[in-house]
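The following blocks contain the structures, represented as structure tokens.
One chain, chain A, links the two complexes that follow: it is found with chain B in the first and with chain C in the second.
Up next, the complex of A and B:
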């Protein structure tokens, strides 16, 4: 056969393989999410049916029940949502402030033990959060901040700061130092040079760091389930446990709450996606 | 009056000393170029004047006022950086007006000042573009506009043309010179390119290893270099240097060629002294293709090994005194490598350097 033809066939076969692999990967990632959304709109019998029901019926019962009274399978969605929002927004804000300052310091200043501190911060990320749940529980219980917003906020700030430092350090490194020097010569103080020149330039990076920090706090379950107890402090992921009873799990209700959980994260990501993509590629070209 | 004075200025980075106590007086309105190879301390010196580097010792004064501990914003200077350092999130107009905006000037006045600067540099069409949408030359022009808009006492340029291609560099060089003629401010300009230094400077400061080697007008450095470093750094092609020894009233070069001692060095040399004999390419020219010269002329029979035609002149490579040297041929004709030619050299324009110290020996 013509050698060109052989190469053409091989290229076609590789393309088919490539797309099949992509499809499989995307399926693995997307199907659980799709399953959650679809099942939040299906009656419980259909969710658990064997063999599966291929033509689903549509119902809003799970949502109705979730927002209903305590006796009708309702959960305090608004309280959980409020708790999640307070904890995530405040912890993200604080983590970004601290992390951005830290990232800037690592990128711009020379100081003793710099690389040691940096490695230390990264090592902190290597400790599984759950391993800290017992010591945190004991300490928080003694201090009296167990089952409070403050306790969770502290934990999430500690979790997010190292990652934020690492991410923003990369972004600030990308900005030539001549920019703040030019600003200082143009009459800025160091502080003004940062806010008027370097921050706006690095804002994609800061936005992506903020999104990551927010999503980490918004979705965190393991520590929140240990450190919160009451309606006044439980976050949405912990609230999902309300649908489990001793012998049953209300899959439909759980899916409905999960959908409510996904929506704000989805909206936020959509709003800042321009920055997120710019930020990620900006960081991506770092040598 | 905005003269700039450096007195015994030192810069240390830990144990490493980058600038070794330099002294320099720059007059009001003077265009001074700091030039030297990489790592000679020229940029560090400029950054100390700007206030971007701390001064480890000595004093920097601008307009008679010691500025050692003043932040950059209080020195009333402007600086153009090698990589332009334009604010990427601002338009050209915002970039130009940034310093005035920071100084909280009246918006109407800012507009007038920005429009003036834009008109001087031909930026009117680009005012609403962001730096990313500009070419290298346009960016450099915006950087210069940003520098002139606030009427500083002193302009500092840190290798501003290094990122431009050769053609644009020549064009921008002329623009910088015009700008200086127009506004007449003191300019301190750093470059590693001796052509830029020669063409722009009122005075050149040639640096090496954190020391000033020679300060003078471009022609002073070209015609009377203090040592072999200056001789080989300034001028293109660099000065030809041939080893030799003093032999009575003559110099004997490595290959045995005997030449009379140039007039300027007579009586200053001792018998047996090892020297470098130096001459510029345009002081070794084929007879018939030379410019008229006066003084003690010697003729030499040399064989051309290589030619570099440049249009109005051709650089000829040849062997002389045991070294490869370059000669210049004006009104050139085609020359074949291997061709023997008669050259002339004006002895009075030649230089003698001590071989041990490298210092020029001249009266």
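Up next, the complex of A and C:
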């Protein structure tokens, strides 16, 4: 009886501990993001207030200034948003096409030096953006594609192809060879067999690769900050810097732009959440 | 005589090879060349002067460079290990939850969507010594302090590490969680019947099974360890007085502010080798761990 009691108590204590640790972790994960969202709705006076004001008040000033184009520094948010969208979508699309064909080659063909090629490709992904941005800046300036969408798209395609190959390779390997062989016996060409049989099966892997490619291009800063100069090609991560002046930062405006940056990423990630995890684990573990 | 056609696998890989060669390989070759010249952006003619390994000798004897190099390696080691441990802990906790697991998993993915530069600004704001959330909260709780989070060298390093860990722990947590979901239940139950303590069954059954998942996360992370650059650049810019200078901020300062491209490219090569070392190391660990649990490729 007594032993039962202590056992039960211990169990309860563990449960409380587990719950509070979990709660604390989630709080640490959520609060910084929420803080940004919250501050985008607060007037600047309140953000800067000393002592701090904890009771929230609500204003849309920062959004109004941001979308109005004028006002606080007149940051051309629409152009940045459009640039980001064009660059990310186009580069993701191309990277997926190229990466898929590469992943298929690795999954379906046997050739000499296969693992060498594979690791070699991955190593190109590991080159730090800052280290690459110095020479890339000079080369692009010579070719004349600095400060253009095309330049950024090219860079992001090259950045995303290796990882896409890794993920799709794992997925194509999951698909039994018999599937496309049967399709070919039934009169499909290899090309048709791929699109009608193998591609639909590997869809979730492709979706997760696409999300990763999109997020990489959407969020990239080190290269974009050097390769873009004007309103015509600056992406949003670079645009964030517009809110900083020599000694002051317009925190409210920056938070508003940050919210605008997160929303598309948030929506996309939630849409394909399930594929994302499946893609990562299949691609890696069984690849 | 019919012309020999290129094999199909090569044709399929060709677009990838072309694009990477054009965008990554050519600039890298160019930067390798320029690292042997005293190239300055302001004086283009310096590109044609060959000075051999002078730049490399210079950085190898430069105390500032070695300080940044050592700090980078230390930073990466501490950050990656902490991310792994915290990710493991979070995954185990979430795995034990009986309801609302999907919501928790969704929340976990939250930091993955943040741009590194955004994470930098976010924590620059939160750790601001005057209006930041941390100091405001401390003061409201009655501590009459204004800790100089981003001004003091040690505190600044802590703040940067905090931001980095906040951003990247979820990669580990989510992958390890996926591993826990995929784990067969029988061995664990058998261990319980045989009288293993929870620690023993974790140490000898759960952990070995999770290892490949941990190494996948490590490999994915090691592919872009250099994104910590964005965070440091925004939060402190390598300051105060170079106390948070990492290899990458030193390089961009040398290249863009001092316009000494040759020297900066030499540093760039050191940083590339460092990244490649991390990647290759984890790739090898990954294939070893895969082989151990019989998921060999």
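In the analysis below, the second predicted complex is superposed on the first by the 239 of 287 C-alpha atoms of A that agree within 3 Å, B and C clash if a C-alpha of one lies under 4 Å from a C-alpha of the other, contacts with A are read in each partner's own complex, and residues count from 1 in each chain.
The criterion applied here is as follows: a residue touches a chain if its C-beta (ideal position, glycine included) is under 8 Å from a C-beta of that chain, and two chains touch if they have at least 3 such contacts.
Note that this is a predicted model, so its numbers are computed, not measured.
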item	value
Chain A as common anchor, with chain B and chain C clashing or fitting	fit
First, second, both or neither for A:251, with chain B first and chain C second	second
Contacts of A:85 with chain B and chain C, given as first, second, both or neither	neither
Which superposed partner A:192 touches (first chain B, second chain C, both, neither)	first
Contacts of A:29 with chain B and chain C, given as first, second, both or neither	second
First, second, both or neither for A:231, with chain B first and chain C second	neither
Cα-centre angle that chain B and chain C span when viewed from chain A, reported as a multiple of 10 degrees	90
Touched chain A residues, chain B compared with chain C	C
Partner chain(s) touched by A:65 [first = chain B, second = chain C, both, neither]	neither
Touched partner set for A:176, first chain B, second chain C, both or neither	first
Contacts of A:122 with chain B and chain C, given as first, second, both or neither	second
Overlay on shared chain A, then closest C-alpha pair between chain B and chain C (Å)	15
Doubly contacted chain A residues - partners chain C and chain B	none
For the chain A and chain B complex, residues of the former touching the latter	176, 178-179, 181-189, 192, 196-197, 200-201
Chain C contact footprint on chain A (complex, rising order)	18, 21-22, 25-26, 28-33, 35-36, 39, 47-52, 54, 97-99, 101-102, 104-106, 108-109, 111, 117, 119, 121-136, 138-139, 154-155, 157-158, 161-163, 165, 215, 218-222, 226, 237, 240, 249, 251, 254-255, 258, 261-262, 265-266, 269-270, 273, 276-277, 280-281, 284-287
In the complex, chain C residues that touch chain A	7-10, 12-13, 15-16, 19-20, 22-28, 30-31, 34, 90, 93-94, 96-97, 104-118, 121-126, 130-131, 133, 136, 139-140, 166, 170, 174-175, 178-179, 182, 212-213, 216, 219-220, 222-227, 229-230, 248, 251-252, 255-256, 261, 264-265, 268-269, 271-272, 275-276, 278-280, 283, 286, 290, 295, 297
Chain B to chain A touching residues, read off their complex	50-52, 71-73, 77-79, 81-83, 85-89, 98-99, 102-103, 146, 150
